[in-house]
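Please read the structure below before turning to the comments.
The letters A, B, C and D name the chains in turn, as written, and every chain counts its residues from 1.
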Amino acid sequence: MNRVINNPDLVVEDMLRGLLAAHAELAAGTDNPRVIKRACAPVAGKVGIVTGGGSGHEPAFLGYVGENLVDAVAVGEIFSSPTAKSFFDAMKAADGGQGVACLYGNYAGDNMNVKMAIKMAERAGLTVKTVVANDDVPSAPKGDEAKRRGVAGEILMWKTAGACAAQGGSLDEVIAVAQKTISRTRSIGIGLTSCTIPAVGKANFHIADGQMEVGIGHHGEPGINVSAIVSADEMARIMVDTLLPDLPFNSGDRVAVLISGLGATPLMEQYILYASVAQYLGNAGLTVAVPLVGNFFTSLEMMGVTLSVLQLDAELEGYMKAPCASIGLTQN
Amino acid sequence: MNRVINNPDLVVEDMLRGLLAAHAELAAGTDNPRVIKRACAPVAGKVGIVTGGGSGHEPAFLGYVGENLVDAVAVGEIFSSPTAKSFFDAMKAADGGQGVACLYGNYAGDNMNVKMAIKMAERAGLTVKTVVANDDVPSAPKGDEAKRRGVAGEILMWKTAGACAAQGGSLDEVIAVAQKTISRTRSIGIGLTSCTIPAVGKANFHIADGQMEVGIGHHGEPGINVSAIVSADEMARIMVDTLLPDLPFNSGDRVAVLISGLGATPLMEQYILYASVAQYLGNAGLTVAVPLVGNFFTSLEMMGVTLSVLQLDAELEGYMKAPCASIGLTQN
Amino acid sequence: MAQTLTLKQSGQIVLDLVDTINANRAYLSEIDGAIGDGDHGINMSKGFTLCGDALRAKPVLPGLAEGLDTLAMTLLEGIGGSMGPLYGSFFMGLAESLAGHETLDAALFGEALANGVAGVETVGSAQVGDKTLMDTLVPAREAYRAALAEGADFSTALDRMIAAAEQGWQSTKGLQARIGRAARLGERSIGVLDAGATSCFLILKTLAGSVQQRLG
Amino acid sequence: MAQTLTLKQSGQIVLDLVDTINANRAYLSEIDGAIGDGDHGINMSKGFTLCGDALRAKPVLPGLAEGLDTLAMTLLEGIGGSMGPLYGSFFMGLAESLAGHETLDAALFGEALANGVAGVETVGSAQVGDKTLMDTLVPAREAYRAALAEGADFSTALDRMIAAAEQGWQSTKGLQARIGRAARLGERSIGVLDAGATSCFLILKTLAGSVQQRLG
């Protein structure tokens, strides 16, 4: 293990210490050490945006706390859901009196903890509504969308919902925007190497050298198939061919495209992939109105990439292009 | 090789294609396929900022083309200096009539190519002045600073000089700011794994599993020593203890701190390192006025980190905090 | 033999549960290691230990209802993943039913058990046969209900509950996991016990035993 | 034997240089592989081939001065790293000295050679003994100058230049690299030839041979 860590059991604590030390203007701690909030949260009169999930995906989730984005985030152990209490505390931290939109990913643990957190929130008199991201196409067949996992498309939903909330949207409006965003988003990942949770010390899944796993999940969940690594162009073709028919996307659509490296894949290669993705999307008659390329949602030091495509409309395009400031995404 | 590439000999071309497709508002190509400029460059009446270097360090160098940063960049093969012609063409692309500041790193190839480019620029009637970054402390002993390599500290010099130029600084003022920045910056890297140039196909240096190389260069240049990996806290101590006496930094100084992952080291671990770095700097009486943590200057998929510390004064702090927009760094 | 116990004086039962989980920490992780990620004992023991510490830190040991509520809240606070919400809602269900009562009798226990199981069902949406703790819980609830319907006394009903819980737990050996981490293994998950069903049996058995002991 | 050649009609000499480098592509990379990164032949051949293509694409083959200038510019345009600027400035130095002249005689060649070597010196700052192409270039320049001073004719001076270049090149075998990539190896760089010194010898030998051929 070639890591920059102290006690492997305390990597999340140590990370949070560093992150809070570095970004005092952006993010602040709370009484719950596993809840990070915007320095100015709760913002009175604004719908609060909450998310949360396991650690190891940095800058997701906590890196999207910021201006016109997420107000508070619940932080779990590596690849493990935050506690119900942490989700609840994040809701409290985000509540500016207009209710809270809890926008998270479709994983068993997160679903259960959010459910319990909402129970606690109801007792405390908070209004909370949720949207569950299920953008990962390979994780369940079409028709069974409710079973699909949430992956990097979550970022797009935080972006649009965060912008809507910042512009004064009501809870129902914010929820509708988040839901519309994720309903129009399709994602797929390709994994090239596995990763190692520091406290475990050995890889908890395996991809043989020279192999790629198409459709792999953010924690090594099995994908559609394993085959010999193909060219970036061929990867792009496979990914685009999987995503476009699923929504379906149509010629003439304007889209947001998010390519995220999974951790160890160089930015150079992410742009190489984007070149082909852009071409295949163009061939299909789509216009990329919002392109995002970088390490937005990672899995420790996995090699690989994910592609997310969001079918825009005028409202979503406006929200996607709105300014924001956070560790994970800043635009002006 | 678990890579997302097409032809290994054309990775730079393919990357540039993707990058230009993704960032049309920010960056534009030029007649020279190895020169990228700001979409709006040259900006009339503004000093042009030029840099350049080998590829494989993304987002450096080309990712810092943008608003209040670099105007044009010469792009080399992986880990290899751009051609003299490319540096010259970048100078032409950046020249808005007030001269060009070419701010690059101290490597034999870059030095020679910039020298020849300046010869060409003189013939073409351009005024070019240079600052050579030499912030990497382990690459030569104190007293021999001119022999030191330039590493991530280059980003700080682009930032301050870019801001100075944007605010109307003359060529001499811009050069003075860049020189002051790099003269007050000290950097050190620790490498934990090596990396592989796609066209070569095997690692061109080696770090044994469980070992770390303190002071390693961005292309695997040998460091000060190789030892068993220590804790992040101990790494921070070694790094801080190397940098502080070298300038020297003094109690009461305000500093900018830049931690960069070398490619495959997760952001989580970079923040773990920052937690300890901030503490050791605090112990020494320094105040971190500008903290930057992320993959700012990488070496393909190397694992490891670099630390750069810049001794601020009021002028430099202002320039460091000025807004900017680019792939590598956006702040508002 | 008494047919009720005083809730206020029965807070020790929660500490018995804590002891049981801690005593079986390694065993539970070992079972989870076969078809899961080997951390079930660690997860459970982390949450239960927090609760034990919280209860022991109080000047007076709280009664059973409050103790179970503390257990629920510390699980929801102390462990993420799925065990926090699943066992958290189980114990919250028990605590909610007992709240406001002075004594625990057979009927109230049955009500509380059903409420706890319903909580797990709502949160986890697992069915009997999915190879989870529901395979222990549902037969236990059914057997207890049937025993009361047949006129059994409190202690006898608890015996019947435990027998059914044990059978349900053991049945997981032959099941293919359809939910949770082990579901990924498909047929390869058949042949070993389920970790959650195991901890659940140990919890019910301790709960029943401690109640029976107090019934005299 | 004539003592001058017409520059306008000697552009073929540049194509001879291109052929020499391409013929030795593998050999040069092999030498670089021993203590460098094994790409010297690739780097050189890339730049020289570009120049050959550019020259052959012109309706009329340019003369020697213009041809050398094209070679210099294509190297500066086509290869980054250190070979572009080093050989670029060498050939630029030659071209600058020849520019404006109609004929090449022994004195002008000596002037051009010195100017080219000065260009390499300025750009690369390497000294004799550092195990670089300077170990070929500097003895070559000195020997040529001495030959002229002693009254040797053009062709003889070129023979003396090549003999010294070869000796200088061979001397790199015993040297420890103090500059460039091989310097990292310290003492381990001793015992093999330097790649740049090798390509430089091949270039000077071809240049001299082609000139001599034209002197008749």
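We adopt the following convention: a residue touches a chain if its C-beta (ideal position, glycine included) is under 8 Å from a C-beta of that chain, and two chains touch if they have at least 3 such contacts.
If you're wondering where the values come from, they're calculated on a predicted model, not measured in any experiment.
If you take chain B and chain C together, the chains in touch with both are A. Centre-to-centre separation between chain A and chain D, using Cα means, comes to 58 Å. Inter-chain spacing, taken between the CA centroids of chain A and chain B, is 29 Å. With each centre defined as the average position of its C-alpha atoms, the distance from chain C to chain D rounds to 85 Å. Separating the centre of chain B from that of chain D, both taken as means of CA atoms, is a distance of 34 Å. The touch graph of these protein chains is an open line.
Contact between chains, as defined at the top, is found for A-B, A-C, B-D. The part of chain A that touches chain C in the complex is made up of residues 54, 76-77, 80-86, 108-109, 112-113, 115-116, 120, 204, 221-222. For chain D in complex with chain B, the touching residues are 37, 73, 76-82, 84-86, 88-89, 122-124, 179-180, 184.
Against chain B, the residues of chain A that register as touching in their complex are 1-6, 11-12, 14-19, 21-23, 55-56, 58-59, 63, 190, 192-193, 207, 209-210, 212, 229, 231-233, 235, 263-276, 278, 288, 291, 293-295, 298, 300-301, 303-305, 323, 325, 327, 330-332.
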